[in-house]
Amino acid sequence: MNKTPAAGAPPKRAIDIVNASLKRRYARERRFRFIGLSAVILGLSFVGLLFADIIAKGHSAFVQTYIQLPVHFEAAVLDPDGSRNPEVLARANYQQLIRDALRTEFPGVTDRRETRTLYSMISVGAPTQLRDRVLANPDLIGTTQDVWLLADDDIDMLVKGHIDRGLPENQRRVKDQAVGWVEQLEAQGRIAKRFNTIFFTNGTSREPELAGIAGALMGSFYTLILTLLFAFPIGVGAAIYLEEFAPKNRWTDLIEVNINNLAAVPSIVFGLLGLAVFISVFGVPRSTPLVAALVLTLMTLPTIIIASRAALKSVPPSIREAALGVGASPLQTQIHHVLPLAMPGMLTGTIIGMAQALGETAPLLMIGMIAFIVEIPSGFTSPSTVLPVQIFLWADSPERAFVERTSAAIMVLLAFLILMNLTAVLLRRRFERRW
Amino acid sequence: MSTTLDEMTVRTRATTSAELASGRESRETVGDVTSANPRMVCRHVDVFYGSTQAIKDVSLDIGKNEVVSMIGPSGCGKSTFLRCLNRMNDTIDGCRVTGSITLDGLDIYDKGLDPVPLRAQVGMVFQKPNPFPKSIYENVAYGPRILGLTNSKAELDDIIEGSLRKAGLWNEVKDRLDKPGTGLSGGQQQRLCIARTIAVSPEVILMDEPCSALDPIATAIIEELIDELRSNYSIAIVTHSMQQAARVSQRTAYFHLGDLIEVGETNQIFTNPKHKLTEDYITGRFG
Amino acid sequence: MSTTLDEMTVRTRATTSAELASGRESRETVGDVTSANPRMVCRHVDVFYGSTQAIKDVSLDIGKNEVVSMIGPSGCGKSTFLRCLNRMNDTIDGCRVTGSITLDGLDIYDKGLDPVPLRAQVGMVFQKPNPFPKSIYENVAYGPRILGLTNSKAELDDIIEGSLRKAGLWNEVKDRLDKPGTGLSGGQQQRLCIARTIAVSPEVILMDEPCSALDPIATAIIEELIDELRSNYSIAIVTHSMQQAARVSQRTAYFHLGDLIEVGETNQIFTNPKHKLTEDYITGRFG
Amino acid sequence: MHTSTLLILVLAFMSLAYYVGRKRAISTAGGVTRINTLHSLPVYYGLYAALWAGLPALLLMGLWAGFQDDILVALVKSELPATMLDGLSPGAASLLVNDIKNLASGAIVSRTPTPEMQLAADRYNLYNQFAVWAMWLAVSALALGGMAFAWLRTQPKMRARNRVESIFMAILVIFSSIAILTTLGIVLSVLFESMRFFQEVSPLEFFFGTLWSPQTALRADQIGASGAFGAVPLFTGTLMVSAIAMFVAVPIGLMSAIYLSEYAPRKVRAWAKPTLEVLAGVPTVVYGFFAALTVAPFIRELGMSMGLNVASESALAAGLVMGIMIIPFVSSLSEDVINAVPQAMRDGSYALGATQSETIRRVIIPAALPGIVGGILLAVSRAIGETMIVVMAAGLAANLTANPLESVTTVTVQIVTLLTGDQEFDSAKTMAAFALGLTLFVVTLTLNVIALHIVRKYREQYE
Amino acid sequence: RDSVWIAGSSTVFPFSTTVAETFGRETSFPTPKVEALGTGGGFKIFCSGVGVDKPDISNASRAIKLSEFDECQANGVTEITEVKIGYDGIAIANSKQSPVIDLNLAELWLALAKDIPNEAGEFVANPYRKWSEINPDLPDVAIEVLGPPPTSGTRDAFVEIAMEGGCNTFDAVKALKDSDKDKHKAVCHGIREDGAFIEAGENDNLIVQKIVANPNAIGIFGFSFLDQNTDTIQGTLIDGIEPTFESIADGSYPVARSIYFYVKNAHVGTIPGIQEYVVEFTSDKAWGPEGYLVDKGLIPLPDAMRASMGADAQALTPMTAPAN
């Protein structure tokens, strides 16, 4: 009590001693609580800081610059024999159309170098863009259309303001002349930033404006699905066996220590192991979600097992006794009573393990995941890469436009992570109880 | 917070929807709920678990140097009421207390009042023994340590031995003070919890069936302890044994379905209960 | 595993080092430990927690249609002995049982014997109520479900209602069967655990102070239940109330510091104990 | 006719078997009303039948899928004109087979197919079809056979639950042994190379040498550095970085766990915990950049302004960021175990007049200790094993120093740099990576043994 | 396997992938898979044998070594076609916030060498701490150079070209060349380990950003990274020559190296697309002076060399054993 209660108390009342020291104890309490709160806030602000940093760098990658040009779909170029044969149309020289369009737009450009600069304003992916349009609608042939064409990454950077137009020309990748053209187009409203669908639908590419994360995302998806399928049952099963059924002796102690120790093995060593065992001995194909999942399973197992064992340990023995006492078998006791109570902890372990697997690069270096794979993987055994590796590769690319794409890819990875965690968190909440 | 009993205005009870739902008003308590020399004064206490009401408009005093026993059928709200007296109900989600409870005139449910010293002053022995997962020694030493009641190891050792002796456990555990308290038998755990409580010399002691797991001899020791403690402190005890109530308490309160049916001198309650329900219960005709 | 009682050879006891350490041989049991019509036969049972011995060379039968009560001071090993009878001791790390215990002639500690059906057959009510953190309904339904005692929801509902009624809890909980069993009062939890145990109709029932948290009326209901169950089953009950032992049991066993001191007809034990220790305990002169 | 269709078929068989097994159990018992004469619940007879139907079939399927292609290839090869395979190394033969397979599957081939190849491809297709049919038949037959077997075995006395449970138990044992096998695999895969390393470099130098500069004498034509293999600086570096990381992660993680489970309102907890967990999943490359480009310069500036000499790649920067990464290992795992401590423990403490923080510090934390230590151990382990952050932020210079403001390198960094990039086949340099891996393994094993003993000693079991 | 598999140098990776991508887009072959394992890592699996589970092409930022070639031979990889694809300049640069530095190779060597000759011609541990101690005209700041680790091809090239070039300007060193070849090499190639040279990992972007953050530091990395970041960093003049596209292409900028890829001839004709890929790579529209690889930072070979190299490559003429 904050006040000393009624006077006239017997001489040495415990409460007096208590009250005397109360202030100090409360100071300690407040301090403790404050430290706790600061810890949470600190932790959360790290998350915030990282997110803010990443979003600030990456948000602009979600839009992409397009340049509008009147393109004449010259029949002579596209379909010289007039057959409208899709095969012929597919092989036609669409580049030509774009170059023509550019030259008509900027008639003054004649110098060879200048023409090159001019052509390079439009992405090398633009011809494909045109081809798809023509294939979808062959009637375009012979007409002139205003088409929004994908801009090259340098122009994209310039339009987004990542290249400072105020710098001296020799310190810029985009030269004055190109800046002039861009400004001219901007004045005409022929430059627009649109939502970057390519980023979400394409596989990777050397051209930043064509590079997408779909391949890596699918790779991560397949990898994680498999990892979860392998690691969760194995981890939980192993934890249950070791904690609940295995006889407690030196041998199981050794296993426990050993599992703890596996968590400290550098992840790249798991890559070595995967290379030696899964690829060399069992012939699992390289660079596939399957082999990645196997390696990541081995890597995440300790996390899941340790967390699950801790969770099992915290279930009071009386619950087990109660179940055994009415004739439940040990396995039933586990499945009906202990497991539901330990599930939140197990799920936490799984969340963290999966998060780790999702963000891991090092072991994948060893098993061929650090690769340029354009095709979007279609299954567990098609060659693919994963998000963190894609990020790793993009981060190592010279092109400036990859900087924002790297951050955007990180954002997608984090979104993936959050989505994944959300499911587990919801599950976890269903199981959580205090008694 | 210098509210004294005199100044204290008993809060008016609002009829809650839960009460209306339960379809019945609480019963009037028979007998004198007050004590000549009260330490704790409860007035119109209602307790709700979520929307169900477990205690209905109970008023009761606990006097100085007196043992009040609470009896009543299982589930009638004795533990719930007891837990109100040192705000242990705070820890139960969804548990809500209204009405007023004062200790030496101070409203213990006052917003500004801090339950921590209150609980040091109003100790409690729980119905289910809950020893800490520590050694027997540490279990008893815990209270004195955190409250800073001792200055030296020797003093602490004394307190621990004294408390364990009073609880009649010393002989059984003196050789294994460093063994975990959770490895004791049921009755030993119960006595350990009693020792743990008296080690901090609380002025009011709430005991929820402290002898339920004890044999007659151990029970006698605890009853003796209660009698001894009474000379300085106030005690509220929940018990299912009428004999025990009769032996240790000066006043007895009979609870029934959340109502305090009757309060009175222990003698009177057991020999001459006024309320029909009390009588039925005492004579075993109930149910 | 077709060992019958006749074939069974009582294993010779080896004097263990722990015993030597404890410095004293176990005492001889006074009275007849056998039963005319035994269901469970225990011979020379020793129980160790790590290196300390909690039960010393105890032999005791539990007969058909009989209630055996076990009394003795707190910590004397009653719970320990009871837990041996359905191998609940298996769950305690470092607990070791030697000697022989048979159920209908089958050694329950036989390697090949599966403790799971044994425990369904020998039900147990624990000293500390331990409801599952599930609903009241699920608490009782669990046993019948896993043992496949019912074929339909209706049948299950019947079993649950019946068990709760027999345990005297039905009226208190019938409106809140879907509420958690852990939100009940102490006595209610205890009765819930009794209901849970009898719901699977075990043939031998072990009860560790089943009425410790119950008021006289609830106690009477449980005692009635015990009486009723006795007509078909065998029951071993630990209790601290001599009255209760006298009321419900046919035979009584008195434990002291891990020894079984005396066994006999309940009447005889309470009116005419043969051993000095028993007498002291019964008359309250002990300690 | 895809394998996954067959898988679904087997699963369907299993469900059927489950249903049939149950039914059969009930009928042998004499109807629904008499199922209590069964040894186990009907469910278990169902599971028993399902397992009999599924397990052998799945096993066969696995084996078949694993060996089918090898057998087909052997068949096709044996029928190829001998001249085609003459003098081909196994690798070259595999290329030929690959071409035949490409031809068979209709993909682009690298040359105009010869009639022999075309024939082989056709044969391959034929055999393949046949094999697939055979597999379907065999697997279905086995599934049905298993089901029939279970059907015959089903009778009231059969201890179905025990059988099913022992199968599950066996599965659990297999799961647990995976950890052992992994260890075995790791040890074996590093042991060999380590032994070879120690033949070239004396263990004495490796374990006690204080100079690490492995880039020399390794390739005849490369002169990198002095070629010293004293691993001590690596271990002290690892120790320092991990210690700094733990210095960040343990207090923040543990205090967050405590705050979230004991003080924070439910709602805050509900979102704060998963938010913190995100930290564990941020790719380590991102942390690497964060450490190298944000934290390290900041610390350097700060140090400079205080007149300290700070390396641009200080151990401090790497350690701090690594600490951030492993916060959730401590916070989330601890939070779960703290939450699992029964309320009765808290009640017992409050009733003695303890404040909340006293209760937490003296009752809850000790009770939850095994789990908390587990989480911390996991965090330490992660710190020791983490690579990318240190590669990018702590540099590669092996300094033997106790000053966190200097740059250090860690064992993992060295392993990665030695194993990736421009490496030689059997140079001591590459093998040094294995020796480092092995040593790290042994060192952490020792640490874990010690940790286990400590936990055992202080463990407090409630109830 | 129906697609080409390429593995090896991370320096060649951007070029290789660009070709692969175009190849995949413009032909009916699937896009080749390109793995970035580093030059040595690439040779390691490339030379491990012939077969579907071995790569078809290995990228390299240096020529194959004899030891690697022998390993290849030993494993049955007998016929290898070497294709030199162009040059990669190695830029030395610092932040724009500091003045441009003008070094010659000798000064560079003096700043980074492990041991340098003193007046008496004896070799002593490098005493220089500041640039100005080497040459008073150089800035008065501590020597702090961030560069790639020895596992990277960039480092190899830097050592072989810049360091060796620098050390040979000293008579004492030059004398060694004839007397003690090994010693000469050790002296020329040895990079100091006292903290002035910081091994900053394989990620060139990271080095770029680190020198932006630390204006006193100098970084060593691939030319394309300088090219992409001209707004924040500036190339150091070496022997008065600025690292630019032109100066590297015409050979006046001294620190440039050749980059290569190697084709496993045994796989040609069994894995579809290898030959076609080589053709694409060696077409003018790819590696020519106006080709798309130039946009990616490749410095093309001189025309004549390109023509002969291209012809050899397309004919898959196997190489002979390298000199060392």
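We call the chains A, B, C, D and E, going by the order they appear; numbering starts again at 1 in every chain.
Throughout what follows, a contact is a pair of C-beta atoms (placed from the backbone, for glycine too) under 8 Å apart; a residue touches a chain by one contact, two chains touch by 3 or more.
A quick map from chain label to UniProt name: A = Phosphate transport system permease protein PstA; B, C = Phosphate ABC transporter ATP-binding protein; D = Phosphate transport system permease protein.
If you're wondering where the values come from, they're calculated on a predicted model, not measured in any experiment.
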Both-way neighbours, i.e. chains that touch subunit B and touch subunit A: C, D
Of all other chains, the one whose Cα centre sits farthest from subunit C: E
Top-ranked pair of chains - ranking by C-beta pairs in contact: A-D
Core chain by centroid distance, with centroids computed from Cα atoms only: D
Subunit B and subunit E, separation of their C-alpha mean positions in angstrom: 83
Centre-to-centre distance between subunit D and subunit C (centres being mean Cα positions), rounded to whole Å: 47
Whole-Å gap between the CA centroids of subunit A and subunit C: 59
Residues of subunit D whose C-beta touches two or more other chains: 161, 289, 342-343, 353, 355, 358, 420, 461-463
In subunit A, residues with contacts to at least two other chains: 18, 25-26, 317-318, 329, 341, 365, 395, 435
Residue numbers of subunit B (touch at least two other chains): 116-118, 120-121, 128, 146-147, 200, 202
Contact pairs between chains, per stated definition: A-B, A-C, A-D, A-E, B-C, B-D, C-D, D-E
Subunit D-facing residues of subunit C, complex: 114, 116, 146-149, 151
Residue ranges of subunit E touching subunit D (in the complex, touch as defined): 1-2, 10, 28-30, 37-41, 44, 49-54, 65, 67, 71, 76, 114, 144, 149-153, 156, 159, 185-186, 188-191, 193, 195, 198-203, 206, 209-210, 213-214, 217, 266-275, 324
Complex contact set, residues of subunit C against subunit B: 49, 71-75, 77, 79-80, 127-129, 168, 172, 183-188, 190-191, 208-209, 212-221, 240, 242, 281, 284, 286-287
Of all residues in subunit A, those that touch subunit E in their complex: 116, 120, 124, 128, 163-164, 167, 170-173, 205-207, 283, 286-287, 365, 368, 370-375, 383, 393, 395-400, 403
Residues of subunit D defined as touching subunit C within the complex: 32-33, 35-36, 38, 40-42, 159, 161-162
